[in-house]
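What follows is one structure encoded as structure tokens, with my remarks underneath.
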């Protein structure tokens, strides 16, 4: 069989990605796969079905395939108005059927059909859709992990997702122990800053390989000059904010943020527990002592912003963030302010250059933000980093026609851009120009922050 | 080993009842056992655990047993304030752990301990608690069935609970068919009435064998004279109300009921579906054509009351209902107005006399209200019957001390008494004097109605 | 002009009642007349208009009168579905127009038309409607006072409604003063009890003069024997409950009541304020030191029930209450259990016999429950008394045809009967058989309690 | 008395502005001044008091003045956390006291104190605060008008605020009339576009006279090239969107916008009414036939964005908007891309150049957006124009210390910038660089839109 190189590559990635989603659910009990404790958190088996529906709906049905089941379109559509009615989002968690087993059968049925379709695929349109579908499934792999964490984390039994992760614990030992109290109070390293000179910089993706429509269009922006921290804010840094009364003092907070504090009674990041006089953190590897040198995570925009104000700094814009990465990458050093149009250094080269071995999400990882290796600035692979930029279209943004056009553009209101990638992002899914986006109060993703400051005039 | 007769009897019942609860969950997938789509509906695995917790909490722990798991008290307490904190009721459906399997292990552990305890039980207190526990578990068996029905019934796939029930269907055939439209329009039998002369009647339980505290205390009531229908209102009867515009005309409804209609958009009982020009009903045996001669079920108080007004009648009080049963039973015929204090006919004799073979809930039954056999007036075994009586204490009602006292008395506000027993009530759990109670808008139980009318002055 | 006696009497009462409603609003500022801080509390100017609408709708329009304003029917209908659409109840408080002045013009216009209509009235139907309208307006006079109290009472400035009431204060003096702490701790008189022998008693109204449909139909009830306290529970009694931790101990409360305590954070009756180490009570005469010997008021059913449990008693049923009044009235003393059908003592005679001079609501009164005069058992004229009876139809209850039939019957679900009359009830509006009704959590009426207990078997 | 020039100027403005606020409330009845039908809409008398509180709190109290009333600080603080507790915002509308009259007394008391203070004022700090207070009151004058409109507009009687406004009607004549249907269907003028070349432009305020902190800091931005329409979108334009099914087709809408449409049932801008086959618009001058050539108003961001998408355009960013005004002003024509740092043309000169005589809000105006005079591009004085820019800090933004710092900065999340000024903005309050801001779903302000489009690459 004579498959083109791209066909072959996508085939391999399709198989790997499809298998990996199921692998992520292997440690779960069927009971874990059903529930939706908050609207944001979808049932694991819904994720497994929805990503399959995406392939079936946009690739198989247009080719004349019969639907696997006449009602699955209704059950597993997420938000595509073009495709018709669907289960109201908050009701996903009450659909006990189809069972996990039946959904796996649905997956395998569609997998076989997709591989056949791929063999005889003509033209790039089908391959483009397949690649989109692969990235779509990778996005849902990250959601699978964060949603599983939420489901297990609200259970008073604190169940462990996987005991073979770095640092996993079978049962949290909450009996007062010989705590090295120095550990919880230890000093944290200073922040160093990457300077950005005032001037014009190019940002955005050139579009020479896959990216989402919302990051497309390399274009100039004027930056007034700033400094971006070369490390993430850690749990230890954040604890100092808490201990300084950060959650009790309105003047660190946005008005909406202060309302959020009062409404929710928040006193710390999601998953932090103060037990027996000590801070613990629930992780996919169980409940553990808070690791003070690891990046802080599961904070919402309000918390990120409040921390930055308290620290006398601010969040970087998404453009400052992107330019700082480019400047830090070796390839960028020779460029004049990063905007040399003839620059031969690709974004992918920069990405791989600034990303440490330990970053990104592959099997065997911690599935939890970890302290940096020497020299690692943790742009990618630990936490998504809230930026000070609202999620808005780039100049010349065009929504694709049809249902696929509903992917990104219709969410461009009242959300923030997050940059980087987290410990739950598939490594092959990270991109230098990736624009993730969430609303201000969301905490359930692996979200943290990096400080920035304006340069003195 | 020499067990007393009562010990032996309770031992047998305990074993049977405990096994039966698990048998009820056998047709379920683990996924079905987790969710709580509305606050009223608890997850099946929660029921299995909670009834076990009841035995552990009130029988095993006081005897010095170790708790099976230190957090199960918190997880599986329903509403006993005396016992301490508990999972907020609306959150039961997010507790994916312990799994069904772990809960079965909990059950078997406690079963063994209970049987041992029973062997050496001294005095009636332990046996009384055990009997209460058995009845408590039988109550939850009914809830298990109604909650399973709700969970499956909201699924667009309409899954079948058991295909071996009377009248089960594998898949509802919704393709327009040769409908015998006569069937859906057929005339229904006339109502005959059991007359109650004005006078004093004794009601309530004598307390000579197990009953709940709320039905205790045989006492006189004065009845002004009434007539109680000798059959239940059927689906066919109720359809006539619907087709007459019953849900569109405010004057049939209580003010709160009319608000309920407008708020919920109700146009028919729960589980009725109008598909392809025909009425269907979701049952534990799947989606079926509406059976017009079966008793109407899954209506709330507002609907029962509105139907009765539309029909020019009213609901019976709980006393009229009880007296009518006594009058109808052979034993009552010789009595002067049912109040002969020397009446040798026991309530249990009357109960068994007025109950047809087909009534009540045993394995192999329909688990759905069925048309009456000739001569069966369906007092018991089809639907709980809304009465016009608010759920209030009988004269001299006394709440037991301690946690067991929280069983009934604290709910005596803003609920209605329902009498009889449904197709999901364990046959050995039904009693002539049983007082079930629910709030006005509840539909998810097998609830129907029987008409009554005042006698002309 | 020769008016019949009844015509003349109704004419006089109409004029007095209509004037009195306006007099009640005289101390208000126009601003006070608009708002609706909770759904239960209607704007004073809405009351003034709605009672007028009642006369216009049911008396003037059927006689061919032009509506005063084409939209007033929509604006001032309360809950009469028969009459058509109406302003949603929670929106009444945003209707700033018509102004108070315009509504007074509407009133006077209709007053003139009514008086003319009355002159030429033929037959009793018109007169019956007029009498109903007068009583309807008297009901709203009570609501006017309780709603005004609520509107002023939530204002941090604690405005005084009238400074000429008994005990009024211009400004509460909250500066710590020489408090006679003995006063707040003083012992309260013992409870004496009126015994009711077991037996049949007649209750309800004979219908020989005006009463509402819900109290109609003198009929026998069997009472099992009880004792009803000869005085109301006072603020001092109730304070003992509070100080004993009553609001912190679940076992005194109904399940719904305990939820209510936790949801609302209630720690005392409505309008009680603990300021500067002392209890105050907001009254229509301003904020005053709590009067420990006055009847407790503004408690909901849950509080009344919890107090009674804490005290080891219970609430009387509405029948026990009515029979106790009859027994206490001299006229009843000669009766055998109050059921002598030839009893010549009318309900009105009993009412006037048991009602002290100070009871009921006339101009110059305190508009606040007051300590009893010697010998006064305060059945009427201080607080409505929660009973243990659900609000249900009497035997043979018939709803009137048409809109007037919506007056009472459609509310017979999930409410409690209150008996007596309060300090805000017009004296000529009180009746021995009067059945007032409210839902469990309502506190904004002048509602208190009287204890009862079952007799030892 | 020898007052400095600035003192004299501020004194005059203070007197004028304070009087004008009261003048705005003159046509109101006291009843209109109390209510708060939605959280956004504050009671008119609250506005009158709050602006006074602002002067008292920040100018008089620090100078040692006694508070006029000890509780007014609590009652009339809006959102200043620094100042302490305050009435919860949604409860403002239940505070019937102090009355309008009492609030006017409060105003006059503070006016006298302010004038005295101004006489002996030393240094610019006091004068700066006074100027801020004047602008603060002007902002609330706009809110007064929009809130009055909302209060009157929800009343089924459609009361007229002022009958002496241009185009006022005493009573809307809804009787079907000789409608010039051509009028409602007439063609609307074409859009012409002001081109913006790609390049760097300076935006923001130079700070050489009063402006808010959020517009401060003239700074360069890079614009990729765009065209901005030279006229506003009219009611006629917008009607074409409605008639084309705009509110029924999801693909014009942001995801949140489509939710908003479905949740609210919106089918047209706020205040539009379809009566007797014709579109009407509620205005401060009463209910009128929709003026098709006037700018559309009272649309939320979702509607503005949906209209622009439907029209194949987009909203301008706030920078494109500002640059287009500068380019259109004569002073800008000689500039190279508007960024000549030596440009002698001040922002105020441009503002006055591009603003027609009819624009802005002075007594005798229409208080309703009006069709343009020839040559008037209506940048200012008709409607605030939604931009595609999120409300975020300018580079180097610094929040002032203390309570005054809570003015703008803490709202920089999840809101949009609106530019221009409306028919309810005081003319002396408009500025070229003014940044107004509201959340996406707000409709109650005079908000409209102006189209833009990117230039072809």
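Brief remarks on what is shown
In this document, chain identifiers A, B, C and D correspond to the written order of the chains, with residue numbering beginning at 1 in each.
To be clear about the criterion, a contact is a pair of C-beta atoms (placed from the backbone, for glycine too) under 8 Å apart; a residue touches a chain by one contact, two chains touch by 3 or more.
Everything numeric in this text was worked out from a predicted model, so none of it was measured.
Centroids built from CA atoms put subunit B at 49 Å from subunit A.
As a whole-number value, the distance joining the C-alpha centres of subunit B and subunit D reads 61 Å.
With each centre defined as the average position of its C-alpha atoms, the distance from subunit B to subunit C rounds to 39 Å.
In terms of which chains touch, the assembly is arranged as a closed ring, every chain touching its two neighbours and no others.
Screening every pair of chains for touch gives A-B, A-D, B-C, C-D.
Listed in rising order, the residues of subunit D touching subunit A in the complex are 79, 81-82, 200, 219-222, 224, 250-251, 253-258, 301-302, 305, 388-390, 392-393, 395-396, 410-414, 439-440, 454, 457. Chain contact summary for the complex, subunit A toward subunit B: residues 29-35, 37, 45, 71, 74-75, 87, 91, 93-100, 151-152, 154-157, 159.
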